[in-house]
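The structure's right below; bear with me while I get my questions together.
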Amino acid sequence: MSDDIYREIILDHYRNPRNKGKMPNADVSIHDSNPLCGDEIDIHMKIEDDKIRDIKFEGRGCAISQASASMLTEMVMNKQLTSVKDLTKDDILENIGLTNLGPARIKCALLSLKVLKLGMVKYYADRDPTSAKKLAEDSRAL
Amino acid sequence: MSDDIYREIILDHYRNPRNKGKMPNADVSIHDSNPLCGDEIDIHMKIEDDKIRDIKFEGRGCAISQASASMLTEMVMNKQLTSVKDLTKDDILENIGLTNLGPARIKCALLSLKVLKLGMVKYYADRDPTSAKKLAEDSRAL
Amino acid sequence: MMQKGLLNVKKIRKDFPILKRQLDSGKPLIYLDNAATTQKPLAVINAIHDYYMNYNSNIHRAVHQLAEEATAAYESTRQKVAKFINARSTDEIVFTRNTTEAINLVAYAWGRANIGKGDKIVITEIEHHSNIVPWQILTQEKGAKLEYIGVDDSGYLKMDQYQKHLDSKKVKLVSVSQMSNVLGTITPVNDIIKMSHERGIPVLIDGAQSVPHMPVDVQKMDCDFLAFSAHKMLGPTGVGILYVKREILENMPPFIGGGDMIKEVHKYETRYNDLPYKFEGGTPNIADVIGFAAAIDYLNNIGMDRVRDHEIDITRYALDRIGGVKGVTIYGPPNPMDRGGVVSFNIGDIHPHDLATIMNDHGIAIRSGHHCAQVLMERLDVAATSRASFYIYNTKEEVDALIGALDEARRLFKI
Amino acid sequence: MMQKGLLNVKKIRKDFPILKRQLDSGKPLIYLDNAATTQKPLAVINAIHDYYMNYNSNIHRAVHQLAEEATAAYESTRQKVAKFINARSTDEIVFTRNTTEAINLVAYAWGRANIGKGDKIVITEIEHHSNIVPWQILTQEKGAKLEYIGVDDSGYLKMDQYQKHLDSKKVKLVSVSQMSNVLGTITPVNDIIKMSHERGIPVLIDGAQSVPHMPVDVQKMDCDFLAFSAHKMLGPTGVGILYVKREILENMPPFIGGGDMIKEVHKYETRYNDLPYKFEGGTPNIADVIGFAAAIDYLNNIGMDRVRDHEIDITRYALDRIGGVKGVTIYGPPNPMDRGGVVSFNIGDIHPHDLATIMNDHGIAIRSGHHCAQVLMERLDVAATSRASFYIYNTKEEVDALIGALDEARRLFKI
């Protein structure tokens, strides 16, 4: 099973994360951690016209959580929030090619999505409370 | 088994308790209750020359605790404290003729002895701290 | 899978191994002490056994297979509990040791943050010590006041007194048991909650006696807190449940600090965990929480409506039979529809403790004493009562045996 | 009945049914997560089973036979616990849910009565969250200060820092774990207690890791409080123990209010129960307390000295073997005599969580993460570690299997 998880691409994103770093004047910054393992992710975004103009992450944790965050930033860069908003658990797992994780490790793979959703909650809080509420529910379920 | 417990003499002491009542100017008054069943006993004593000149009890509870208290007052009335001090659990159980009680009911039978010992702790506190300490230990073990 | 109609008690009894027990008296066990704790069906006993034999592990914090299995089973109990009382979300279900700890959790975490000098907490004269002492401690600490709703001679709450307390405008919490463990009284919690919510006052329901014996729906009832114990509803000892509405739980400071209830600990500050984990510090009682799921399954399979019907039936019979014995006083509402399967009584001047000893000679387990309700005992002006309490496995024949033993007690005490 | 010489591990393993478990990977279980919770011998599992099958009842408050049997068994565990740690009296033994609740009990009941503004509580950088968070909550509430004794690079406490804290004269409590659950460090509790008592300061010992793994004598050590968990020493989940010196316990206000901890409840005041019942509110975890007695019997039968010797032996071997793997860093004291059977390590840039997943493929259960010791993680400047922890049933062959899995991890991660 581990052979299927720790493939070349995961290790590459783990060791050479894309879009990793600080973003001094981000429009939205948000932090969360996985209480199970202590993995931490910060996501920073610049948003213009409801579009993610730039996204960066900081974090520390396992190969799965960090590779998944790296791949997520690539996935949503320059995307409209309307399309990003509805990203599901399965979208992520398919994107990173890990569809057979156990319940504990799934949390690692989904931490960055959870943080991204929380970031959008923040962004939508005043602009669109209904979306904010739905995103908050979604993130809680992850 | 209940036939052996609820004999004539127990019921008689339960329904016609000896030495029951208040004692306005007692030298020692003490109260305790059995946390198991809520049975309560107060003991009042007049003590002269280390002798129990008078003893009364108040209380409410089961036939065993109340009959046992009644019989205990008869047993120690006009006795020297030196002899009362060392009364044991077995002395009481033999006196009331109940040597086959289960652990819960034994507590009922011994409540009045416990209170009597606590009363003597109070009496001896300044006069004879060593005896007071021993009596406190004894009462705790009842 | 829910069954219909009257309970098949004979079949149910087969699921409870202890009911085959022969006692020292040579008599078979007649267990009428269910309000104190119930017996456990084999399914519950086996669930605990299976956990320790096959997948015992600490939970939440490890990725090995045993930990994943144990975590999944533990959390699936939380889902079953949420569904059983119709909570909106598992976030609202906190596991404690028992009802007592659940109520104390509210008193410490919510109470110390929300009760101040001069505030009032309203409880009733029928409460169990577990729903009195925590409020005494809290009100004494805060300079607040504890107020009681009285109970009338038939065991009903004096709702006019409740109204008066509410009118005083100082009430910050109402805490009431839904079923008295002594009188059996089923209290009008819907009215109590409605009246209280009209004034924005939250209500805690002590469900220790109600949740095991009748359908309870937290959304319909709309209570803010509900506390109950697994061991009184076929489950293991060591598991209590605290339901709290999410809006309230989200704003509650933590109670027990330690492992599992935190997200990040730094030297001088801590970020607490998500709901409901924030309120479950330290290694939980994993095996017994898992065992409790089997108890819920068992009750669901019978159906709580049918549990209630069975108890009304046997309680009506017991009230009739016990009430017919010379010298007996029965406490609580005369109508079996207004009460749970609990019958408290006294007979002549026989002290309940003595009566219980005589019962024990006949293999009958009843409870005697103040039932952790001394305030009610003072109100009833008795030191103690005898209490027979029923559950799904009890029969009318067992009530008959109780009557036989009562006659024997009358003979011994010459009543 | 105490045995002599090395443990007969083969024989011991037969007493633990779970060790025969086949996992999803097709591999047999190699359980190296004992610091989190240990497995249970059949004797413990059966004791719980027997209780529910034969004498399940609420305790203390009834006279029927089941209640008497259950009460006697429950209280006999208290006697065994008192003897196991050499307490003077059963009055000094309070049952809680776990170590965490035991420490919180002290923080709430003793702490709130004895800690004031400007006072200091001293703990260490190696503490488990359970011995940090309660003191953070307490010191924040009271305007008191939390101070840390540092740990050096080999995992030893910096005793000069301790001396300095004591010299500041504001210290009102010292709370230290006797064995680190991450580094394995056995701390110099005798010195710590002596130094502290010279200034009249009480000391709490977190014995969660020490009591299960070495002889602990509260009278010799002279600690004021000792907390530990049954589930880490072959016992069931849901049982913790708090030992408190009687002089201190006698003056402590209560913690959990409710049934069983009272003597007399009146409407507005309450007389609390005798020790130790005053601190056990509500229906206890009866079955598991009774089950714990079988765990103590089992350990006594082996002898705690021999448990310790076995762990020194296997830990020495594990330190050697794991230390020999390329890219490995081991944390904690190098000398196995100074540490318990816990080996925390990292290998290359493999995150412990990933390593645990790879281990799981081999049937090996290890723990990964911060081990509820984030303050220590910050000190070590790591996010997490992998941890293998041993008990009486572990073998050197299991350590060999761990090494094999480490090699596999190095292959996958190309280290």
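Should a chain be cited, it is by its letter among A, B, C and D, assigned in written order, with residues numbered from 1 in that chain.
Methods note: a contact is a pair of C-beta atoms (placed from the backbone, for glycine too) under 8 Å apart; a residue touches a chain by one contact, two chains touch by 3 or more.
Predicted model, so just to flag it, every value in this text is computed and none were measured.
K.L.:
Relative to chain D, which chain has the most distant C-alpha mean position?
P.N.:
Most distant chain from chain D: B.
K.L.:
Roughly how far is chain A from chain B, going centre to centre by Cα mean, in whole Å?
P.N.:
Distance between chain centres, rounded to whole Å: 74 Å.
K.L.:
Could you grab the centroid distance between chain A and chain D? Build each centroid from C-alpha atoms only and quote it in angstrom.
P.N.:
37
K.L.:
So, what's the distance in Å between the C-alpha centres of chain C and chain A?
P.N.:
Chain centroid spacing, chain A to chain C, equals 44 Å.
K.L.:
Spell out, as numbers or ranges, the residues of chain D touching 2 or more other chains.
P.N.:
25, 61-63, 65, 67, 262, 264, 353, 357, 368-369, 374
K.L.:
Indicate the residues of chain A shared as contacts by at least two other chains.
P.N.:
Each of 36-38, 105 in chain A touches at least two other chains.
K.L.:
On the basis of the stated criterion, which chains touch which? Give every pair.
P.N.:
Chain-chain contacts present: A-C, A-D, B-C, B-D, C-D.
K.L.:
Can you list the chain A residues touching chain D in their complex?
P.N.:
Residue positions touching the partner: 1-3, 5-6, 11, 15, 36-40, 60-64, 105, 108.
K.L.:
Give every residue of chain D touching chain B within the complex, in rising order.
P.N.:
Residues of chain D touching chain B: 60-63, 65, 67-68, 71-72, 91, 262-264, 271, 273-274, 277.
K.L.:
In their complex, what parts of chain C are in touch with chain D?
P.N.:
17-18, 21, 23-25, 29, 31, 33, 36-37, 39-40, 44-45, 48-49, 52-58, 61-67, 97-101, 103-104, 107-108, 128-134, 136-137, 146, 148, 229, 231, 236-240, 254-262, 264-270, 281-288, 353, 356-357, 359-360, 364-369, 372, 374-375, 378
K.L.:
Touching residues of chain D toward chain A in the complex: what are they?
P.N.:
25, 349-354, 357-358, 361, 368-370, 374, 377, 383-384, 408, 412-414
K.L.:
For chain B, which residues are in contact with chain D within the complex?
P.N.:
Going through chain B, the ones touching chain D are 33, 35-38, 102-105, 140.
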